[in-house]
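Below you'll find a set of structures to go through.
In the two complexes that follow, chain A is the common piece, with chain B as its partner first and chain C second.
This part shows the complex of A and B:
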């Protein structure tokens, strides 16, 4: 409104004097919006498609690639541009819904920081080259006539599935290598190992809606679970009448914790003991049968009497008794685990103890069922984890890798400092990074191949977690590529394969041609009685391909949980919680302004990092809200403003994942801190998975006097006595309104 | 009677010689043509728009006036969408591979067509992004669902907001198309007055 004499007050005065008539005549005044004639170009079609009507949207089905949950999307396309993404109602994963990360897919696509041309390292610096030059460099280093010992080539990827995974495996096979490392920061590697050992399959199906109680040891159902939208939907149904009871055990309140009926902050790392204590209550006080458990385990449970559990976990006895009572009275129930329980030194044991509760409570076959035999094992998800990165780093360090391809990962950002990854990467002579953005890993690459966005690419996906109805999810381009010199993953893989096995792959003009042939090869009993062409068209139209799976049942074999006592550390008294939230995820979305702008669901902080601490702890340390504090582990320190909240264990300090990028475009670079950097080299003893929640830290006021305002949405935690939402205590309610 | 007509003719001639803009104001007065659209009150007000040079000086007069081509023949999306649409180049070439191929303008058009490009037309009429305007609804109200109105006379409805385009070569903005303009017309014609009808 600058340059205009009407401010709000004058506008209201005008309104008051003359009413609507005067106000409307004000509408003829020159506006601050310039709609100058002849400044904008309006380009017509040369030859329009028949179905195109300018100004009207056409919808295409595809698959979201913002995390590995594989939600189906509908993209609204107008005048050849995708404008909006919504959930695909045909997909059983998200049934028409889409989370904020999915909605932001268009920002990953239209992002101004996308790489538009390949880059090759020449004389120490990355310079833009043509695809021909990039391909020549690839052929020179990895082609069949190159001097490469194929067994020394490796792929480090995020979770991959579908036909891209098939081509990737084919490329490794063509190289004669078995080095496929998969890496995801937010994973459930420990839980899948327990599932495998206990239930005989990596990922059974969880029926949240069939449960009357859900006891969640850190499973962030409505946030960063393995399938965020799916479990949010399940949670909503579970909480509608008849309302299920949700009990959440975690060191730092997640959005799920904030919605729970009972939120319990057990001492970090003691969740398994709490599970044993609840088991003991169930067997001893509520007469549940422990017959399905091995004798040793029964004895072990018996040793965790409630008083001992109170002492170890710090959870009030009344709460333990109450949780056991609710579980015993309401059947079936469901016990789930999440990162805050899994990612500890003895995470495997804790998860085993928690999952054992499902056996005692008779939930197997009711709320936990087998996911059956997926008929196309080659298409199923290759799940990423942290230990994949560890193995990669180790092998790189030993000089076992000569050529490395990176896709869907940014290890230079996600690797903890103790891993010394940068140095180890230097031992790999030729590093090829396939990416849309110039991130920390691209910065250290020898060749950067610019990828087409997820909305410009072909693909098929089989997510790691599939609900009851099994599907293959279809990805198709929603519009023409924005930049000519970007290529889809499938196309890059095909060109790599043509360099190794031209005779086998020359026949495929592009990845689309490969997919068409692969679809034709799907056995007809999976095609619902339609021909190849119609099957393909249906896949494009609906975005999902229903898959029949052979049924199985689960016969659980409970594992004896051996829970060692928690070690105290006087110098580093706090546990670091590298908390994840549905937004920046593991940092991959820090370059999307919508997600930077979307407040954290608990702290409401935007565009930055913070350190979350219990007000009592903050008071003890003499630090105040908004002041900079230093969080220091044996590996290093980070500083961020303090945010106090009672939804955190007094012995825990949370720093959110996602910020602290040194590269990754204008929106991400140089903003906040990355807690992954200061993780200690602690791993889960059984699985070898790094214990993300197992790092001990000390906290103090930062040694500098910088005041930087932490930007928060909302601002006040209290109603400042205004009674906006009136409340009374349960006691008063029961006395005055209750039965 | 005859004398009076002559005087009016002379007067109009003087005005047209004097100021094109003034003529536009004059033409906007109801009763000089569009009042014939039944069940409608033509919007008032004028705007002295800029001359907008186009890549090809498209003669609206030749098409719409001399050759009597219906506006919706080229702006075919007007009845089906928010936007009226600039005709696809293929539509121009539908006629101009045969008609008037020797004219400079057509030669230029053919050049665009053969190099697989569309002429980079400049936008003349626009409303801000926070205004939802749809051609479809307006054409329905004043043309297709308007009793006593004939599709052949669509140009009279277009002229409500675009002026006498068939008298122009390249289009020029002669109506302000601001909120006051829209509101007055909505009031006169009993159009919706909810804020969110236009600001959604």
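This part shows the complex of A and C:
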């Protein structure tokens, strides 16, 4: 291989296109829309001044950063400010739609509690400094002439992808460090491991629309799992005549559960056993073939006779029989899992049991297909999990980290108490927090770098879940920065790189220049036959770059699920469900007033925390709706008002994620409680991922607290006989509206 | 209003739908809400906050029922008319979600009670609210059977839009202050833009020219909006397909299984919003 080839390869890697090269598919050049036509239209960022039409909105394409689903947005910009976000119709992720978090992106941008200047710790306190002073401190601690042993520098980030991820990896490489820890509370870590082991890839494509039945073990498809808007779109097609059946098994009703045809509450942690029981019914009573399964697994399935499963799961026999019957009769189907099944001590085993149903039911290749080989592995999403935070904390504790950078995470808020994170952070001499807001982690930083908002920044993103049509999604500024002394992630990374490898990065004036060069660096046969300039303009105009992937097929390797008996705990009789909902998410949106005032979809609570409990359980404990309860684990306790409803297993108590902030601005601070704090140190044995749903708690009545009282939307829980929501059966629906 | 007066002027009193008010409507904006598609996610509601400068009232005032959600998602736990076999212990058929926005009634009960005619019917078939004329009597909200009118009991400006949040405010419509009634307008500012554009281009407003904010963002396409006077519009076709007609107190359906209905139709309010029944599989 000639030296030139190597240089070329290295060049492609620097630019993020390293790896197998498969062509990007071309798209037609859009018809140019001129101002004279006076149309509201989608335009690219070029020459924005020309598009400032007094009194008229103009739309720019970008990517939503409110979660890692990567929905495309169209920002409505008028007189130089962004007013409203809509979905980008060109994006195959969300085809023109946004969820309520996406809609609230403008409130993260215009938030009154944004940090406007860098802050440096001096004599114990964080004080505002100029960017020059902040940069000097960074060079002093992390530059190539500093005394830093690069291998002892670390990044702790949320899910990152695209060229930001490329630069971040380059920074670590320049330091000589491999310490990139990724952390997300809401994750699919256990399921992706099972996918990897069973299907050979972490995230196959799920075809909800091709399934006649979806059996979901806690996958909040239209809510917090994977890609909220995308699967809501899929749900609509799934529910058109002939209408698909959704069966949801979970300890606490999620938004998806609220839309189920059949909602089943199994004993928390027993979902894997239920899957085995259904498998047994399918093999024994419906004559499905278990040939694809290893003999040991078939024996194991046979041992789960229905009566035994009833006893372990608490699910009625008729239900198990019916679910197996409908799965056997209506093929293909799709079996999926979510946090409530994954995040247990034996989560991996339960997920393996559930996914094995797809093999028995012949769903592989029909409703579960390979997502193919994404040609640019450097750009794909580096997924976060809880395990990443644990590893980071452990290494910090051992004194292995001298400099830590934080981006897209707020670990001081999300770390369970047992982790003792604050103390461990103290062992890191220099902590740099990149953030838009003064959160709990910024509060403990040595240097706070104020970030530009998602609507002011450049970037490329590869969504965490990619549907059949693969894309790279573009992020471009929708307006000028509100605050001069904030910078985008890409720009900060470039400055950091210049401090380590000036010869390689000095040439890039800013992240925009880097991206321009990166786009020019894609070999021309990847550009769909258009020139550099046109390719770039198309990317900005459409907001997405279609990517062709090499096809693959899945040959499943079923895993023998070994499901231990559930342990009883008399002193802590309940399972804690730290539930996530589309809204405050993992707490990152608690500072957005629209989302605080948006009622939780199930409980309808606003502006605070609550505890969900089955009315039967509440009656036994002698507590009533609105009264306060103390939820106590071995790690500590939290107190919040009670909301009773039947959509929860009597052995579970749910406390939503999102509140309980000690910092984070006027709308978030001092409101409610954070259930993550009282988690027990239990992990999924196989993957080491903390078992978020595995904490046992006891519950007792607590004194009323006027300040934290429960406020809910709506008076009546029932329609009191009025015809508000009328319902009919699927049978009738298919008859009248079937094709 | 003496009996004498009523008797003498009887012919001028409104005795049914489409009597009084406008007769030559330019448009008749209407909606259809498919409860088989709606998942209760609340995106529509937040989109409405963003589009229409809705204030944030905070926890205490929300508790008093002063939230300004022009679009709200009601959630019910009962299952009024589905097959038996549903367990009492759990809501086995999930929840029932109901998006509720101003029903834009053609025989709006809120209109005739306003002492200053701040709420009236437009030639577009819209139930409009003239903020400048409103004196805050709140008679209209008292008279709305759907409870879809929201009153500014306070000035919410400082808490809702501290700088620079105020930069997000939509300049196409006003920010309402204390003492004024407000409610869903079917995003009249968007309708206006579409009408102006059509006029400039010397054509009729076409189906799909206007998407209210809620309709535009709804991830499940549960909401369909359009002109009911346009026989080709999707909303007209949906109403037709489900045999729901404006101007009727009771619908006559050839097929009783068709899903369309209007809420509280029997009250004679003649709403411009049709709902399509929620669907559940009861074979499992």
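One rule holds in what follows: the second predicted complex is superposed on the first by the 662 of 739 C-alpha atoms of A that agree within 3 Å, B and C clash if a C-alpha of one lies under 4 Å from a C-alpha of the other, contacts with A are read in each partner's own complex, and residues count from 1 in each chain.
By our rule, contacts are C-beta pairs under 8 Å (C-beta built on N, C-alpha and C of every residue); 3 or more make two chains touch, one makes a residue touch a chain.
Not measured: the values here are computed from a predicted model.
Look at A:286: by the touch rule set out above, it reaches neither chain B nor chain C. Touch criterion met: A:263 reaches chain C, while chain B stays clear of it. Considering which of chain B and chain C touches more of chain A, the answer is C. In the superposition on chain A, the residues of chain A contacting both chain B and chain C are 38, 40.
On the side of chain A, the complex with chain C involves touching residues 38, 40, 78-79, 81-87, 94, 96-100, 102-104, 106-107, 109-112, 222-223, 228-229, 232-233, 235-236, 239, 243, 245, 247-248, 253, 255-265, 316, 322-323, 326, 482, 582-583, 593-599, 601-602, 604, 606-608, 616, 645-647, 711, 713-714, 716-719, 721-733, 735-737.
On chain C, the positions that touch chain A within their shared complex are 35-37, 39-43, 45-47, 49-51, 56-60, 62-63, 67, 69, 72-83, 87, 89-98, 160, 162-171, 193, 200, 213, 216-222, 255, 257-259, 261, 263-264, 275, 277-284. Across the complex, chain A is touched by residues 49-50, 52-53, 77, 80-83, 85-90, 113, 116-128, 134, 172-173, 176, 178-181, 183 of chain B. Interface residues of chain A facing chain B in the complex, by the touch rule stated above, are 24-25, 27-28, 31, 33, 35-48, 53-56.
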